[in-house]
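Below: a set of structures, written as structure tokens.
One chain, chain A, links the two complexes that follow: it is found with chain B in the first and with chain C in the second.
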Partner chain A sequence: MTKLKIENLSVDIKNKNQKHKALDDINIEIESEKITALVGESGCGKSLLSLSIMGLLPEAASIAAGSIVFDNINLLQLREKEMDSIRGNKISMIFQEPMTALNPLMKVGEQIEEALLTHKKTPRKEVKEQVLDIMNRVGLSRVKQLYNDFPHQLSGGMKQRIVIAMALINKPELIIADEPTTALDVTIQYQILEMLRKLNQEMGSTLLLISHDLGVVNELCSNIAVMYAGKIVEEGSSESILKTPKHPYTQGLIKSVPRFSQKNQKLYSIPGMLAPLNKRTSQGCAFAKRCPDTLKECYIKSPDLREIDGRKVSCLRVGGDNE
Partner chain B sequence: MKYALKKIVTIASTLLVISLLTFGVFQILPGNPVDIILGVDADPLQVKALTQQLGLDLPLGQRYISWITGILKGDMGNSIRYQVPVEQLLKQSLPVTISLTLMSMLITLIVVVPVSIFLAKHNNKKVGVLISFIMQIGIAIPSFWVGILLVMFFSVTLHWLPSGDYSPLSQGFLNYIRSLLLPSLSIAIGSSAVVIRYLKTTILDNMNMDYVRTARSKGVARNKVLYKHVLRNALLPTITILGMLIVNALGGSIIVENVFNLPGTGHLVITGVANRDFPLVQSVVFYLAATVVFINLITDLLYAIIDPRIRLT
Partner chain C sequence: MNDIKEEVSFIEIKGLCKYYNKKNNHILKKSYLKAVNNFDISISKGEIFGLVGESGCGKSTLGKMIANIVQPTSGEIIFKGIKTGLLPQKEKQKTFRKIQIVFQDPYSSLNPKKKIGWILEEPLKIHYKLSQNERQKKVAEILKIVGLDNEYKDRFPGELSGGQRQRVCIAAALMLEPEVIIADESVSALDVSIQSQILNLLKELQCSKNLTYIFVSHDLNVVHYISDRIGVMYMGHLVEVGKAEEIYLSPAHPYTRALFSVIPSIESEQERKPVILEGEVSSVIEPVTGCPFEPRCKEALSVCKREFPNKTEISSGHYVFCHQAEKSYKT
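Let's look at the complex of A and B:
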């Protein structure tokens, strides 16, 4: 069953009176109760996509076309008030920067409480109970004392757990986690991810995990969508994509993961860089300049996302006429 | 405890420096009260007698010490010009200046928050740009000139409010407010403009911060985020500006009191300086400076109350 269906979504970013396409014709279906990963390097539009779903795009960005359908409702057609009632209630988001994601002047307990009270009329006695309960469930200890602490008194990992508690307290149907562990050290990363997996199983919620860490993705996710320069270039089950990547960008990403067996060898990285927004052209494949294996047509013809071997790929070399 | 001790030491040393400065400045200033009282071609014997009577023949150090010990005991000596104890003059003039300062601050506070929020919401719209432009003018024009304009409009043309003179609280609340309204306004217009510009920018900065996005992601409505989260964070740095503005209002009162002929401390300082009335001016200036020091202290304490990140240790 599909929980979230994004169709033909394009997002423009305005910069100095010029519009740039930051998301270009995104199509993706996120399956209910599963963990789907969205991977790609910085600047490829992962966060922008998640903010589009939340309806929290920055002022400079605007939706140019497409639809985001959640439970048969097109979120893009909702009025602000209606969207407010979904945000934090049915869809919630975990942000990547726990250090700055909390209001420095408010007790952390009250900030979790706010998420609950915004959507659910709860008797005063139960409010605190529920807040303390969710704090326990995200792995915080001595929660009663913690409730009255301010963000600056907490470590990064604790803050991230508070942010997660805030996102989970209303038992949302869809959770978007935007690089939830990027700012944390490795041991805490593991704990947080383990916790997300457990909560996903217990609560039966759908999780969209945004990451650039393929190790993490491999551990947790059942489906993977790979993004490059505002487009989805490959999408399918995580097994098929990680074991037999078809798109040269996905292959490059997997090759760049450090491995023990390659100790003392130079770490692989995809040559070149992702072009900044104002230098991207709509002609040809966006990855052509960095691709190890280009054809002449790659610079002229833009590939479509086509279904091949149980996954979708957008590359001229894969499937179709050139294979 | 350590914090309190540190503060006390700082304040004491600041006050000591202030007292030395105010005392020193009036020793360097040309002209002395004896010449002003007796005229330039007075009898040398008379001059000598008056100098002795006023204690001006004593060595500098001794005069400073007797002045400062007097101040500590609350005895500031006699005014040369008015021939009465300085305390008495201060007791009459302080209520005027304090009322003026408080009222101008009150007006500022009432205006600042709603206007700043409005401007932050309409930042890129025409109304916002227009009001911001008017604000710039408000910052640029001096308060005494605003005062004269206000008098011309509200007193001379419309006859709504008195053009000057003070009516104490004992003569009725309404008259008291009426007598202070124009002078407070002329101070408040400038200071509101300064605070509004600052607060608007801070609100806008805060609206782009991550914690606002987090609050919005919880489903909290835009306006509620503004009032519940952003405003408190934005008001925090504004406290410093407000403290500075109280100080400004105190200083500005010296000029505004003369424009509106209010018998406040500012008025007192001006007459004192004109008559080389050392005991009077030294003491009043010292008191004003001490007030500034204490306002800064209060600002610091307020910070600690509002911002949980600051703990007084």
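Let's look at the complex of A and C:
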């Protein structure tokens, strides 16, 4: 079953009176109760996509075309008030930096409480109970004492748990986690990932994980979508993508991770860099300039996302006669 | 004779400590934050020494002390046989220009209002008397080494990408022809594709200039990839040190085992049993008499609480600070 369906989504960013296409014709289906990962370099539009789903796009960005359908509702057609009732309630987001996502002047317990009271009328007595319960569930101990603590009194891992508790208190159907563990140590990272996995199984919520750490993605996700320059270039099950990547960009990305067996060997690196927004052209494949293996057509024709062997790839060389 | 001695201990660190005063309500009672506590290590020339540990364990403080940015409370840093603590200020500056540091965040470590050329020339102005021409020649030379075109010297940091900025940071460290580079989380903020470029560059430089690195990171895959030896720190103490493969494959200290069991990897074939550490790092301020890891250790004995463990050599060059080192290594 599909929980979230994004169709032909394009987002423009305005800069010095010029419009640039930051997201270009995105098509993606996120399956219900599964963990899907969105992978790509910084600047490729991963975060912009998640903000589009949340309806939190910055002022300079605007949606040019497409639809985001969640439970048969097109989120883009909703009025601000209607969106408010979904955001934080049915769809919630875990932000990257727990240090900046929390209000420094408010007790952490009250911040979780606020998320609950905004959406659900709850009797005063039950509020605290529910907050303490969710704090327990995200693996915090001494919750009664923690309830009255301010963010600066907590460690990074604890703050991230509070942010996650805030996102989970309304039992959302879809959780978007934007690099939830990037700022954390490996030991805490593991605990947080395990917790997300457990919550996904217990609560049956759908999770969209945005990450650039392929190791994390491999541990947690069942599906992967790879983004490059505002487009989805490859999508499929995580096993098929990590083991037999088809798109040259995915191949390069996976090859550049240092592995145990690769010690003392030169690492692969993708030549060149992601073109900045104002220098991207719509002609040809966006990856062509960095691609190790191009055809003449690659510079002229832009490839579509086509289904090949149970996954989707957008590359002229894959699946066609040229392979 | 001299050469052999240099090989053995290029940098020798003996009993290095850094305590920070902690603000306290009691006037008579002073408390310290022990960021680095009694740290011993010797690093040989051309070696890449990886330093890992959780945030707050003191790995950055150690790096900064070696680069002479932070003054140690006690202990010695012996660089090429010279006790740096005893040197007069001018001599010290001269010695420490051979040790340079590359910081974590390439976005905040470059002055946004200065051109790359100016940033790179500045260390030369401070340390050497060179003409403008000579300086520019040097800038061009170093830019070429880090793989940037000479025209970049007229750009501002804001015009560069993350990977290019980190190259500039490395170039700035190379300007004074250092013998040691301390890379403090130098690739952590970068994307995988750029990270591999910078790692390759660091390795190339090590070969071509015979540089010694102290590579501080919390990404264990990266540390294993680049390092010859790895040191593991916990709460300011060195708890284990040894060859990279050995630490990665057969860690002996319970903390190292826990740390290396939870690395997310894209090679999931290898079966691993994750060891989950309960609790958080205890406060560094409270005085600890026994093993610092004891409160979180599942195998702790009563002796662990009382005494600080001795250094045990379990195989050649592989040292562990644990009361049960021998036992745990075998299992």
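By definition in this document, the second predicted complex is superposed on the first by the 322 of 323 C-alpha atoms of A that agree within 3 Å, B and C clash if a C-alpha of one lies under 4 Å from a C-alpha of the other, contacts with A are read in each partner's own complex, and residues count from 1 in each chain.
The criterion applied here is as follows: a residue touches a chain if its C-beta (ideal position, glycine included) is under 8 Å from a C-beta of that chain, and two chains touch if they have at least 3 such contacts.
All figures in this text were calculated on a predicted structure; none of them were measured in a lab.
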Fit-or-clash call for chain B and chain C when the two complexes are aligned on chain A: fit
Touched partner set for A:42, first chain B, second chain C, both or neither: second
Touched partner set for A:189, first chain B, second chain C, both or neither: second
Dominant toucher of chain A (residue count), chain B or chain C: C
Touched partner set for A:86, first chain B, second chain C, both or neither: first
Partner chain(s) touched by A:95 [first = chain B, second = chain C, both, neither]: first
First, second, both or neither for A:205, with chain B first and chain C second: neither
Touching partner for A:56 - first (chain B), second (chain C), both, neither: first
Touching partner for A:155 - first (chain B), second (chain C), both, neither: second
Shortest span in Å between Cα atoms of chain B and of chain C, once chain A is used as the common reference: 7
Footprint of chain B on chain A - complex, ascending: 54, 56, 58, 80-81, 84-89, 92-93, 95, 97, 100-106, 114-115, 118-119, 150, 152, 163, 166-167
Contact footprint of chain A on chain B as seen in their complex: 208-211, 213-222, 229, 232-233, 236, 306-309
Of all residues in chain A, those that touch chain C in their complex: 41-42, 155-158, 185-191, 193-194, 212-219, 242, 252-254, 256-263, 266-270, 273-274
Of chain C, residues touching chain A in the complex: 54-55, 161-164, 191-197, 199-200, 203, 218, 220-222, 224-226, 244-245, 248, 258-259, 262-268, 274, 276-277, 280-281
